[in-house]
Amino acid sequence: MVRTYLLLAWTWLRASAQYPGPLIMMVIGSFIVSGLDVAAIWVIFEHVGSLGGFDLAEVMFLYGAAGLSFALSDILFGNVERLSQHIKAGTFDTMLIRPAGAFVQMATDRFSVQRLGRLAQAAVVLAIALPQLGLPAGRAWMIPVMILCGTVIFASIFTLGGAMQFLLTDAPEVANAFTYGGSALTQYPLSVYGNELVKGVTFIVPLAFVNWQPALFVLDRPDPLGLPYWLRFAAPLAAVVLSVAAALAWRAGIRRYRSTGS
Amino acid sequence: MIELNRVGRSFTVGRRKARKTVHAVRDLSFTVEAGEFVGYLGPNGAGKSTTIKMLTGILAPTSGRIQVAGLDPTRRRMALARRIGVVFGQRTTLWWDLPLKDSFELVRHLYKVDQIDFRRRLAELTELLGLAEFMSTPVRQLSLGQRMRGDITAALLHDPAVLVLDEPTIGLDVVSKAAMREFLRHLNADRGTTVLLTTHDLGDIEKLCRRVMVIDHGHLAFDGTLDDLRATAPDEESMEGVVTRLYSG
Amino acid sequence: MRIAAYGFRRHSTYRAAAIAGAFTNTVFGILRAYVLIALWEARPGLAGYDIADAVTFCFLSQAFIGPMQVFGGGLEISERVRTGDVAIDLIRPASLQMWSLADDLGRAAYLFLLRSLPPTIVGAALFGLVVPIDPATWAFFLASFVLGVIVSFGWRYLIALSACWIIDDRGVQSLSLVMTFFFSGMVLPLNLFPGRLGTVAAALPWSAMVQVPADVYLGKRDVLEALGFQSAWAVALLLLGALVTRSARRKVVVQGG
């Protein structure tokens, strides 16, 4: 599966490299578009010294970590969100007659470096924020773990959003509420949101484990909601559970797929 | 080689109050032996495409059993893909934005075709189908005839035992059509590849198929040789007349 | 009027997509509302808004995404420019620009019903929104809303026609998206923007799409000045559009597309 992924991704990459002009434009474009979110944070901190109890460097850290996870999962699996387009155009049928998983083919379809802009932008923010926090190694080890788990969680949400399109072929935008909505949610400390919402994204759609819970450990902060301490280490568990759910949903979707058109 | 046993496929259409069940295919049984060349006919909406999709593993049947090349298409979709070739006349199975030769190279990797076999077969098909001049052209820039030849090549590079063609001559000009038919005849006669072909072009049937199956309203209305088909309406002069009679009756 | 009705019907075939869009707009409205509440709790009265004003602004801006087509597109002609079919439209006796505008107003009316009302209602139920009592405010808001759609159309029409000269228009599209999104007030209310950035942002056409109609609704702005500002941009963009249409026609006639 990994081999097939790399093979397809590499082939698409080579094809897109034949037109470097638009490609570079699009990388820069995605860098700027995602930079707008940082501009918003900057405007907010022009007016306040802390948001939800977190200062600018801490918010940038939360933003950068979640942004990195989201960008990685978007590059690797984000194309799955185009499922409904493929179903409508009939190209999903042709994926099913090839001896490779439909998921891998979806994920690599038109694989391009365009989304690197977002990745670079998140990395820059994180690189600026980290030195200002002065973290000891005893807590900083969690950062790569949280970025990895966050990537798996977002990838699972992309997959769930794709699987949903087997049912809602005419309304793929619903998935955006969870994928891009999840990205927007994790850009700010969860302490700004209502308690019900935070509990929902802790125990139902586990977005809280993308950055919030592990970050409470990294920043050594008490949980404003007073949730159990061990949740800070539960990100790998959440990632595993959600990815299993996503895999099952995708398989169920394929099984009940009804090819339309002639 | 292909075996359908009381296969049915229904769809629920409409929403809430207007919901109803449509049987695209019902209680369909037939067998295609190795080496046969079978034409699969039927009016629009009769269930042809649904049958093809079930044979190739795209669509799961709601009832009955299917075996193609010894495999259950729904359960062993990927294993089956390595044993059959599929061509859709209406859409390409090639990668739209990639040059033809990159598409073939991908096929080689995906189907795990041995490098030597691959070179030999590609050279042979390139010669037979005249692909050389547009080998480096992206698929989206190919003419329909060129694209069809590319599609057929991609479907045969892994030397499948069965070739399933869904309206392969649709939209082709007279010359391309004749070349396509000649190629398919050669493939079946000299290499023994089993071919199942759906078409609306009765010329395809008359030139190629020893056996014809006609599907109508989801079940088999006729199954026999070309001569048997003519005999169903001896007073009709043309094949069109025979088939029209069969569709409406 | 007939064309607007046609635009309304044409878009009603995308009902599922519109409902899905409303759902997504509502989710984002809720998330953004919390951020704004946190900000206004720390700085009450910031930029002349209280918390209820800020939350209302947030849900109004989400409600505007559909009708004002904040993410770009929505025009049939952009696809026709890409395929070259626009040549046929350009040599017709009727004005392509006015025809498109009428069609777009129909589209906006449809999306107002399906994509603007649901987020606003959910927002009101969850957070409680400001509702003007003076019927005059509602009348002014309606006028400001329609002017906002016209400004939005004027801008998108220019972007769509730009593809007549630029071969790969994806760069222009994404630049337009950035400008519209940031300078309309979608990301944050423009009156939060510091110093000169705020002054410039308020003067640009994009503020006529979200910030100005929202302020008219909230009664935070002199109505005549606001409507005048929007009208000026609407006229300017439509005039520019007419000029561009004329040179596009000349290009088609001379070069044959």
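Should a chain be cited, it is by its letter among A, B and C, assigned in written order, with residues numbered from 1 in that chain.
Operating definition for what follows: a residue touches a chain if its C-beta (ideal position, glycine included) is under 8 Å from a C-beta of that chain, and two chains touch if they have at least 3 such contacts.
Bear in mind the structure is a predicted one, so any value in this text is a computation, not a measurement.
Engineer: Would you identify the chain whose C-alpha centroid lies closest to the centroid of all protein C-alpha atoms displayed?
Structural biologist: If we average C-alpha coordinates per chain, A lands closest to the whole-structure average.
Engineer: Give the label of the chain whose average Cα location is farthest from that of subunit C.
Structural biologist: B
Engineer: How many angstrom lie between the CA centroids of subunit A and subunit C, rounded to a whole number?
Structural biologist: Once rounded, the distance between the two centres reads 28 Å.
Engineer: Could you work out how far the Cα centre of subunit A sits from that of subunit B, in whole Å?
Structural biologist: The computed centroid separation for subunit A versus subunit B comes out at 41 Å.
Engineer: Hey, how far is the Cα centre of subunit B from the one of subunit C, in Å?
Structural biologist: 49
Engineer: Which subunit A residues qualify as touching subunit B in the complex?
Structural biologist: By the definition above, subunit A touches subunit B via 4, 7-8, 11-12, 14-15, 89-91, 93-94, 96-101, 110, 255, 257-259, 262.
Engineer: Which residues of subunit C touch subunit A once you look at their complex with the stated criterion?
Structural biologist: For this pair, the touching residues of subunit C are 16-17, 19-21, 23-24, 27-28, 30-32, 34-35, 37-39, 42-43, 46, 168, 170-171, 174-175, 177-178, 181-182, 187-188, 192-194.
Engineer: With touch defined as at the start, can you tell me which subunit A residues reach subunit C in the complex?
Structural biologist: Within the complex, subunit A touches subunit C at residues 21-22, 25-26, 29-30, 32-33, 36-37, 39-40, 43-44, 46-48, 50-52, 168, 170-174, 176-177, 180-181, 184-185, 188, 192-194, 197.
Engineer: If we count contacts the way the header does, which residues on subunit B are in touch with subunit A in the complex?
Structural biologist: Checking each residue of subunit B against subunit A gives 11, 49, 53, 56-60, 77-79, 81-82, 86, 88, 90-93, 95-99, 102, 105-106, 109-112, 138.
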